[in-house]
Amino acid sequence: MSVQEVKFYQTGTFTVGNRLLAENERAVQANMRRTNSLNSGHRACQGCGEALGARYAIDAAMHATGDRVVAVNATGCLEVFSTPYPETSWQIPWIHSLFGNAAAVASGVAAAMRAKGRKDVRVIAQGGDGGTTDIGFGCLSGMFERNDDVLYICYDNEAYMNTGVQRSSATPPAARTATTMAVGDEPGNRFGTGKNVPLIAMAHRIPYVATASVANLRDLEDKVRRAIAIEGARYIHIHVPCPLGWGSAPSDTIKVARMAVESGLFPVFEAEDGVVTSRYKLRRPVPVEEYLKLQRRFAHLFGKNPDTATLARIQAMADQNIGFFEL
Amino acid sequence: MLRQVEGSQAVAEAVALCRPQVICAYPITPQTHIVEGLGEMVKDGRLAGCEFINVESEFAALSVAIGSSAAGVRSYTATASQGILYMAEAVYNASGLGLPIVMTIGNRAIGAPINIWNDHSDSMALRDAGWIQLYAETNQEAADLHIQAFRLAEELSCPVMVCVDGFILTHAYERVDIPSQDEVDAYLPPFEPVQVLDVSDPVSMGAMVGPEAFFEVRYLQHHKQERALDRIPELAAEFAARFGRESGGLLRTYRCEDAETIVVALGSVNGTIKEAVDEMRARGQRVGSVALVSFRPFPLAAMRAALGGARRVVVLEKCLAVGIGGIVSDGVRKSLSGIALAGHTVIAGLGGRAITKASLVSLLERAARDELQLLNFLDLRQDVIERELGRERASRRSGPTAENILRDLGATAAGASPS
Amino acid sequence: MFQVRIHGRGGQGVVTAAEMLSVAAFDEGRYAQAFPSFGSERMGAPVVAFCRMDTREIRLREPVMRPDALIIQDATLLHQVDLFAGLPSDGYILINSTRSLGELGLEDLLARHSMERVCTVAASELAMRHLGRPLPNAALLGGFAAITGQLSIGSVAGAIHAKFSGKVSEANVAAARAAFESVLESLARSKAHA
Amino acid sequence: MRKPFAITLDPGSSLANHTGTWRTERPVYVDRLPPCNNACPAGEDIQGWLYHAESGDYHRAWRELVRNNPMPALMGRACYHPCEGSCNRAKLDSAVSIHAVERFLGDRAREEGWRFEVDAPPSGKRVLVVGAGPSGLSAAYHLARMGHSVSIFEAGPLAGGMMRFGIPKYRLPRDVLDAEIQRILDLGIELRVNRKVSDILEEMRHGSFDAAFLAVGAHIGKRAYIPAGSSARILDAVSVLRSMEGEGPPLLGRRVVVYGGGNTALDVARTAKRLGAEEAIIVYRRTREKMPAHESELEEALQEGVLVKWLSTIREAGEGAITVEKMQLDEKGFPQPTGELEKLEADSVVLALGQDVDLSLLKNVSHLEVKDGVVQVDANMMTGHPGIFAGGDMVPSERTVTVAVGHGKKAARNIDAWLRSTTYQAPPRHELAGFERLNTWYYTDAPKRVQPTLDVARRQSTFDEVQGGLDAQTALFEARRCLSCGNCFECDNCYGVCPDNAVVKLGPGQRFRIDYDFCKGCGLCAAECPCGAIEMVPETR
């Protein structure tokens, strides 16, 4: 993590801004004239983590490139709530083609920019977990393998929210979705082997892979700033809570994201050329329950007689992350 | 310059002369030789300033082209058969976004059973996806149509498919006049996109459009093709004026004056048809043919004008719309609404079944004797059909049809005898 | 119109042979059309390619079913595939073999065939000698020019040069010329017999 | 660019879509009362002045501080800082060392020679302040800044009152005291020392004062009856401590017994040690828990070798020795005699049993109510007699320097209002910013910086100051430990975490504004505000 080492500034770099920090040390989001790449008036739910993550990321990219960014968007919540005719919330050149081809379309844009000799224009592809880890996975892997000059950002809210909260390959075990109801003898999503796309991205040996969370703005901005400058295929996986799909309070979006990180369930790290180069060390570690019980999708694990066995399995996953990534 | 080249090579060189800036390639027979040729030209520098991208699927191939076209550069790809079905979603998307991509289809059948030989099932499956579809009769025309296609596509901001019969044209060596770069440059101006992803003038492309406007967007796509009906002949005329040969246009008639029977068909089979027409004429039969070049948009008026005077029309199709029969026939019939003349659909050449001059002549003979049904199947092996149907009647577990038939024919799946 | 059908095995350059024939005809100012028996054949499988030559545009797109000439690149095919289908009794036959028709057991089969139009030539051996590889197709084209007289050996050489380059090209041309001569000789011999 | 209909759109056009209509709750910026401010008897806006100290603007911080308290250097030393007792940070790691920063600012003011200004034009009114103790000086200071002409009559030889005659040097160096007082006087206040007021009405009439503030300290030590031999040496704490100023140290002997459990008792015992007593023993009738003296004071005393006899009373005092009786607490917690006796060697006994105020100056003042030896005042600090106000030790309340300073301010405001024949309206109190209102995630972990203390050996032999001050670095650090409870400190969280860009940043010092056209009311801003300065209130549509 290359977040600046916290000098003692009351809130250090934990808050968005800090009047005691030097101008250049402040977050892009703290800037009075920030670009608001995803403009007001979008139709995201109250407390939408994806809307937040997208503005954080694209603003950071615009700031780092002097607004020379083009974005390709996969079908999904972000696309639907940001560009319903006759209005768009985007301030940058933006295109939506299909659900599963964002990475490929971005490869095309990048190729066009190369052909036009506009390497100064940076290309970003973005999509949700469905468009990235499931239906868009083939195009994503192809883009990685060719090492096309594209930064792919996945906003992971762990299910197909746009269509009404159905299970995706990023949905965590035991989570209730519309297609993994909390009934039967294994309520919620079944325990699979998991599909860790950041690790899969690393297996492509692309120059840069990182995970980030809306709960850690500085880290997120810093990673986008680093990634946007690198040539070749880059991947950033951002954890963005969905109040609707997770059954969390809209006002808890950032808290939930923070708990995911501090519990170890969502490891925040950075990898270059396939090797982990930095990780976020847990600041105030919490048991997974602290995270899970904020979300109704896990309500069936609690209540009168808590499902201690399942909770233990989830805790084990967190502990494994903590061990594997040295969190 | 006149040369004896493979059809694929001719197409590749014609495309290269159009100065594409992004080419996406994914291998599928029989289209592969085209992108192989282009790939080589990009690598050895003959096609400068072009990005050649080997993608991981046809879906990605067209998606990459969508991205590059939206970013304002001339974009090209090619596919066939299963490939165009695999990219189907993107095919609709490209036209919906109004991106002037040109794509070659090396026409080939669709499985199952898997079959690599020629027919029109693939491009026909996507006929209503909002793309303009042009069918080449010869390799000369295949080459020329690509040059016209880029001009047409970019004028209308609408994607164009150039359909070239797999193997029959793509793999055939024949005489082709490959124009010079100057000639092509004079005919095809640099790409001036209607919309472009530009950081100095940002827009959002591909908005979600609801009931309040979707209908109009669709209509406007149709309107583009209506305009194409005017532009296609104009562009063909200008092409003829510059290059000194007839290529493209909406359709071409052959010995249709005073013809009682007129055969309508798409693509390379028109050559063999002309031979058959000549033989019939030699026998004193008043027969003519129409080569339909522009299937989308469908030239209703031109078709009506070409067929209006005949007594019967025989539409020869290389695609069986299972459950109804002909597809081209429907358009032909529509063009003739109100005119009373006999119309026959003949399904022929599926999965590479050779369409011989002999078969065509006997077909025309029967047509002349008014022996044709509404729907006919050229050189369909009735005996084989009967045996298989018998098997099916005999036992529920009658086994896989394709393999049964091959066993009957005593051939192996790989071996294909010339006749 | 003169139609040629070439039989061989995948990897023996059957399609290339057809292509070179068409190029040779093209160089002589004729229209020509060459195409394979469109298939997915692999190395060793029986394959067929066709070539048409004419003074006017060739519009016909059907496979060659009534060949004016047959080129058989691999004699082992003789009893496996119906090579002679559609061949008229005065059609040309050129077989790549070191053996005579008799040794090949074709005498009965070709009983009623005009024998001055049938010939074998050791194309593979010639190829080995000149090229160092048993690729008979170029050599056979030389033989074809000799037996049919449809093409000059010069334009065959030109087509070979157009297809190959450098040593390979020269070697193939040499093999073709050698085959051309050997076919002319054996034709002369059989005339003498008659 | 000729844009295709509907599928291609102009950037940022969604501004036309006012999502504010989705809202059922609206975020509203509030200022809440930080617990430190709430606990300060002098009514200091502690969070307010720390805010400026955080950015290193010490002058501004000092000016902010002295709006309520004119003597930071002194308060930072003598105050028992109840503010720190209620500091929310204590629940995180440890309370912000407010007194240390306050003292730092006071000392910085002395070094830099910062001065006060008068805020209002001369009112032409004259006010008499009786007593130059903390409440007297505080009142005089505020009145002067309000434009009134003020005279202080002090019975003693020097200004400072109990700060000088009650608090030993080692806690409050005299140069500091003198400097703080001088700065106040420099406002143009007239000070007359050795000027005992015996008849307040006469004085006011004679000096034609429009109002008076009485702030006489409790200088008379309470006596308790102890059977004593003629030779027994018995003194009272106040006079012992007073005699430390000027007229020569008292003779206490080698073994000193101090009787009582208040801070004064500790002051005397510690003073005795410094004067060379081998033993300084405090006799207190109850337990350590029940002791009224401040724990920190007791701790320092014990470090310096002061002994305490818990649960003991003095039965009689004789030559060189006293007799003490063991006590035990009854169920109500009151000490009861046990009859168990013990002898203690003692060259002198100092009584520290509390003090009384000399109210003689009030004779023949009408409508005056005196109860338990102190004057009763109304909510405006005014006695029953119009125009005569009172505060500090003279009125019912805890007797500390800080309380006294608070009285002075409050009285001054009311006197000012009375002189302008209006009534002072105190601003409404904000809701308290409790710990539960904070989102403490955002605060950096930072244990408090401790002040240096003098080593015990020197503390036993000299009157040097025990507690050292913070240097600029540590003072800044300590200031920045403030959580700014209940008051926006412009961390930009609300601005950053709004998914709808509905928070408008107004610029440095201007804080923020909610754009209700777009705010969907998700409440993220309120949830992620570290200091609890945003409240979600239901929409009433």
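For reference, chains read A, B, C and D in written order, and residue numbers begin at 1 within each chain.
Quick note on the criterion: a residue touches a chain if its C-beta (ideal position, glycine included) is under 8 Å from a C-beta of that chain, and two chains touch if they have at least 3 such contacts.
Bear in mind the structure is a predicted one, so any value in this text is a computation, not a measurement.
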> When A-B is set beside B-C, which has more C-beta pairs in contact?
Replying inline: A-B
> Using each chain's Cα centroid, which is most distant from the centroid of chain D?
Replying inline: C
>> Can you work out the whole-Å distance between the CA centroids of chain A and chain C?
In response: 66
> What is the distance, in whole Å, between the centres of chain A and chain B, each centre taken as the mean of its C-alpha atoms?
Replying inline: 44
> So how far apart, in whole Å, are chain C and chain D when each is placed at the average of its C-alpha atoms?
Replying inline: 116
>> Quick check: how many Å separate the C-alpha centres of chain B and chain C?
In response: 34
>> Using the touch definition from the top, which residues of chain B touch two or more other chains?
In response: 97, 198, 202-207, 209, 213
> Residue numbers in chain D touching 2 or more other chains?
Replying inline: 6-7, 9-11
>> Taking the touch definition from the header, please name the shape of the chain graph: line, ring, star, complete or other.
In response: other
> What chain-chain pairs meet the touch criterion?
Replying inline: A-B, A-D, B-C, B-D
>> For a test of understanding, state which residues of chain A touch chain B in their complex under the given definition.
In response: 67-70, 72-73, 79-80, 82-86, 88, 90-98, 100-101, 104-116, 121, 138-139, 141-142, 145-146
> Okay, in this complex, where on chain A does chain D touch?
Replying inline: 6, 8-12, 14-20, 26-27, 29-30, 32, 36, 38-44, 46-49, 51-52, 55, 82-83, 85-92, 217, 243, 249-255, 258, 284
>> For the complex, give me every residue of chain B touching chain C.
In response: 4, 6, 29-30, 116-118, 166-168, 171-175, 268-269, 271-272, 274-275, 352, 354-357, 414-419
>> Which residues of chain D touch chain A once you look at their complex with the stated criterion?
In response: 6-7, 9-19, 22, 54-55, 441-444, 446, 477, 480-482, 484, 489-493, 495-497, 499-502, 505, 507-508, 515, 517-518, 520-524, 526-528, 530, 536
> What residues of chain C sit close enough to touch chain B in their complex?
Replying inline: 5, 18-19, 22-23, 26-27, 31-42, 45-46, 48, 50, 58-65, 81-82, 85-86
